């Protein structure tokens, strides 16, 4: 049963787990977050919505942006073009791995949920210049989140830019194989901006709810994403959404999900439920440790696992 | 609509695709198979069953055995013990890869669907000796396939044994980290035997039907596998069942599946449908090329994809 | 016996081998070189010098610059500081490999003869700005080559800059581990410039002669490099000077050598002999194919191998 | 100056360094050695010989056997045949690495000084059966060491056999590419035996002296190895003799050397000097820590470095 009381209990029971994680430190600005924060927001099948804990706290979307940018890349270029450049195979490597790009004959990013594939997806977004490209990304994220006031957090954006050398290495590596047309600086600027968009649990829960309903906002009847895009996103999230913890997350939680080092996890279903959690204390693989624990519990208690 | 006529049409329409694949050659005995063979067998939600094409041709189960041996390893040792030794993370590497066992700090096979993890699972099967261990595996496969007369193909078994050096390398490598207690020769003997069990499309479709029904034989009411085991198997098949083509298969077909280099693919669902296909002509990643094409078509035409 | 006649014969006998190689294509400007060019220049123990073939043709120094920049990095920072950041271990990987920087725990370039290590060495050169840093490199190369008129080839320099994304990837990767202080753009500008310095066979033969004489110009008595630097350079060239062909070159030729994709190879000895060869047709590992053949012959005929 | 007094001083000054290392533990029998043991033995250019410290203590030859087995493989099969199967490129990987055998297209062991290449060399030794093959290896080692009473240490041999799974994995991996004809069990039995031959510092110093004199015993005038074999051995030892510490050893010591996890290091020169050291306390890369320190000191004090 998912209701206000259940969510309050969930947050209360899992808050202590935040102590076992660490706030992301590789982007200095992220370190300022309160490690014991924990929040959850749920849209249910029947259109109700509930939030508990720090569900109103803003955090940067980080890698959760990858699903929207990937969706937009497919919308802009078609599946065929996108899958020519970016694979859909899960990989056992960490999110910022570069080794396999060299070691495998294809030199093709494994999937759009790891940084290499996500940077490539960003480079494929249509637009006359980087401002236009970013605005199109922001518009889609706003539409999915049902929140037209989403903006980037400027100080996180600058912090990402200052410390984004590993991502630049990935971008230049991909570009050296001729896969990126634009200037790396432009692509990375858009990439750092998309990661710096600030959201709350409700925002990402709303997007999860849209995806769960195959792209349609059940309240307004408006279509935000095509059914096919939602099917692709759910599949890719299920197999690759939590980096090199995707497999164990599929087993433990069983919902298509995407995490970000900002502490958010977006989880969706086939049944019209959308969930957003936030907890900036991360486990070693970069996923919200208490957020994942709450998702495991709510999935188990309500039979939300796909299998 | 799944019926006799639809399946006949499916085989007819996809038979030509067999010409684009190659029969597995690394085990000499497998080379003798007819590359243009193609068959399918389906158990439907309402208890009907249909077969078309070469659905009656026997082939060796090969890697499809991995799901049953993994199930038995979990039944014998518990999830906790098994997951201590074997991961559940998909990997972008090929089925017989050894590199990551060395390069990653854990030295732990990524998942039970690649050879390293499957060999380790075999080593965990309970029994007083290798004969007893193999018989317990055979019994479970017979029960799942609903066919008590399944036996190994002796000449394939000997062929596997003669050419199994890469698998022996994997076994010794894992043993060097103390993960295998038994003698490698014993474990490999059981492993080669389990791969050599002969089945038909109906046999594996039956097993897929059992798994789809959460472990219960809907006709007899008998429970063959626990619900939890079925949930684990479907999850692991979905994320890792087709080696380094698992991701694109999840997108194209969308059913939890397991392939073998003998040419079989077992595909299951959440809705009581079980499918077995056979076509020994394989694509470059070791999966039945026309079998996969049939699964893609039947999934698309009947909405069988999980997402 | 090394004399004019012997060198003429050497060039004549090995010219045909140029047809088995290919001019470097990854830097467009390099492609314009004549693939059948072949030249050699030798300074002998007794102070004589001979040139044959296209010994007067200018070519860009490319990776041969790595030994001078490494020498200068050691002179500027001391062995201890340099070896903290850059290893001296040969590696079986290709010159522009990035994989092991990630896979190995140290994240430390293996040696200063591969691109990653060379870029790091460039970043360690002292100077108030990039112009001053490059001029210090140019001065050392001029001094070693005994040619104060050496300059960069502007069009090659711009071509390198236009196509240097793989090297930028290496630089950003290294910087992401905090090993590079300066801006990557500055470091790469200096790196591309140092690679674009134009030399002839005589220039690099002169430098080889200086190194062979432990850093002293035997004619003028002037010390150009310290004895210790020469000892380090010879050791590192012998073990790592020809990328992933260093071992077979050590066996076939047996002289400490450094090759560049411009087609040059600098070869030195312990006995006061310095050799420079030029042939832009390269083998698959990026070394002058006919140049290496000449070095093998001259080494064998004159007992120049160190072992 | 190398004399009795100098060697005594060397041992005295470096004995304390033994405390910074650890006796090899992966072969249980090796653990029983006294970690503070340290000895050295030198044959000088003028035919004198001196020993100091624990130069009379027996230890197993371990990987030092690789140079003799490689020499015999070349003598039995010719350079061309051997280099078809085994490379001569140094590698930055550890001695028992398997990853690159898979990741590189050639699937060829990098060089005969790492385990994969050494096992392959052992498999190429001529003989009608494994006993004959091993006896031919033992005979060559006896001849080089000038000691016809060398035998294997039975308990180390059995200990190696009991714990040799990683080496068996390497052997089966190589065999899976068709590179080994014989049964793996036979090859490994010979390999474990050759590693278990017991020697003293004098024995390996004698072999180093033979190699330094290009294969001739200067006292008897007898030729033990061909000049070409000695040239090959010195080159390969210099570039690959100390595993992934070969490069820094070349810089620090500068003598062609081969180490073994039994604690021995054989060091040779071009000038008729042969050195054997023993100290079972190893550094992290598997080389005698105090033995290497003594070699560094004796090289520096007597100008023994090749460059």
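Should a chain be cited, it is by its letter among A, B, C and D, assigned in written order, with residues numbered from 1 in that chain.
The rule is short, and it goes like this: contacts are C-beta pairs under 8 Å (C-beta built on N, C-alpha and C of every residue); 3 or more make two chains touch, one makes a residue touch a chain.
Remember, it's a predicted structure, so these values are computed and weren't measured experimentally.
Student: Overlay subunit C and subunit D by their C-alpha atoms and let me know the rotation angle in degrees, rounded to the nearest 5.
Tutor: The C-alpha superposition of subunit C onto subunit D needs 180 degrees.
Student: Same or different interface residues for subunit A and subunit B, judged by whether over half of the residue numbers are used by both?
Tutor: Over half of the interface numbering overlaps between copies: same.
Student: Using CA atom averages as chain centres, what separation in Å is found between subunit A and subunit B?
Tutor: Those two chain centres are 32 Å apart.
Student: Round to the nearest whole Å and give the separation of the Cα centres of subunit B and subunit D.
Tutor: Once rounded, the distance between the two centres reads 47 Å.
Student: Suppose each chain is reduced to the average of its Cα coordinates; what separation in Å results between subunit B and subunit C?
Tutor: Averaging C-alpha atoms per chain gives centres 54 Å apart.
Student: Spell out, as numbers or ranges, the residues of subunit B touching 2 or more other chains.
Tutor: In subunit B, residues 100, 103 touch at least two other chains, as defined above.
Student: Please categorise the chain-chain contact pattern as a line, ring, star, complete graph or other.
Tutor: Here the contact pattern is a ring, one closed loop where every chain has two partners.
Student: I'd like to see which chains touch which, written out pair by pair.
Tutor: Those chain pairs satisfying the definition are A-B, A-C, B-D, C-D.
Student: Taking the complex as given, what residues does subunit C use to touch subunit D?
Tutor: Per the stated touch rule, the residues are 83, 87-93, 100, 104, 110-111, 230-232, 234-236, 238-240, 244-248, 250-251, 254, 256, 270, 305-307.
Student: Considering the complex alone, what residue numbers of subunit C touch subunit A?
Tutor: Residues in contact with subunit A: 97-100, 102-103, 165-166, 168-173, 175-176, 184.
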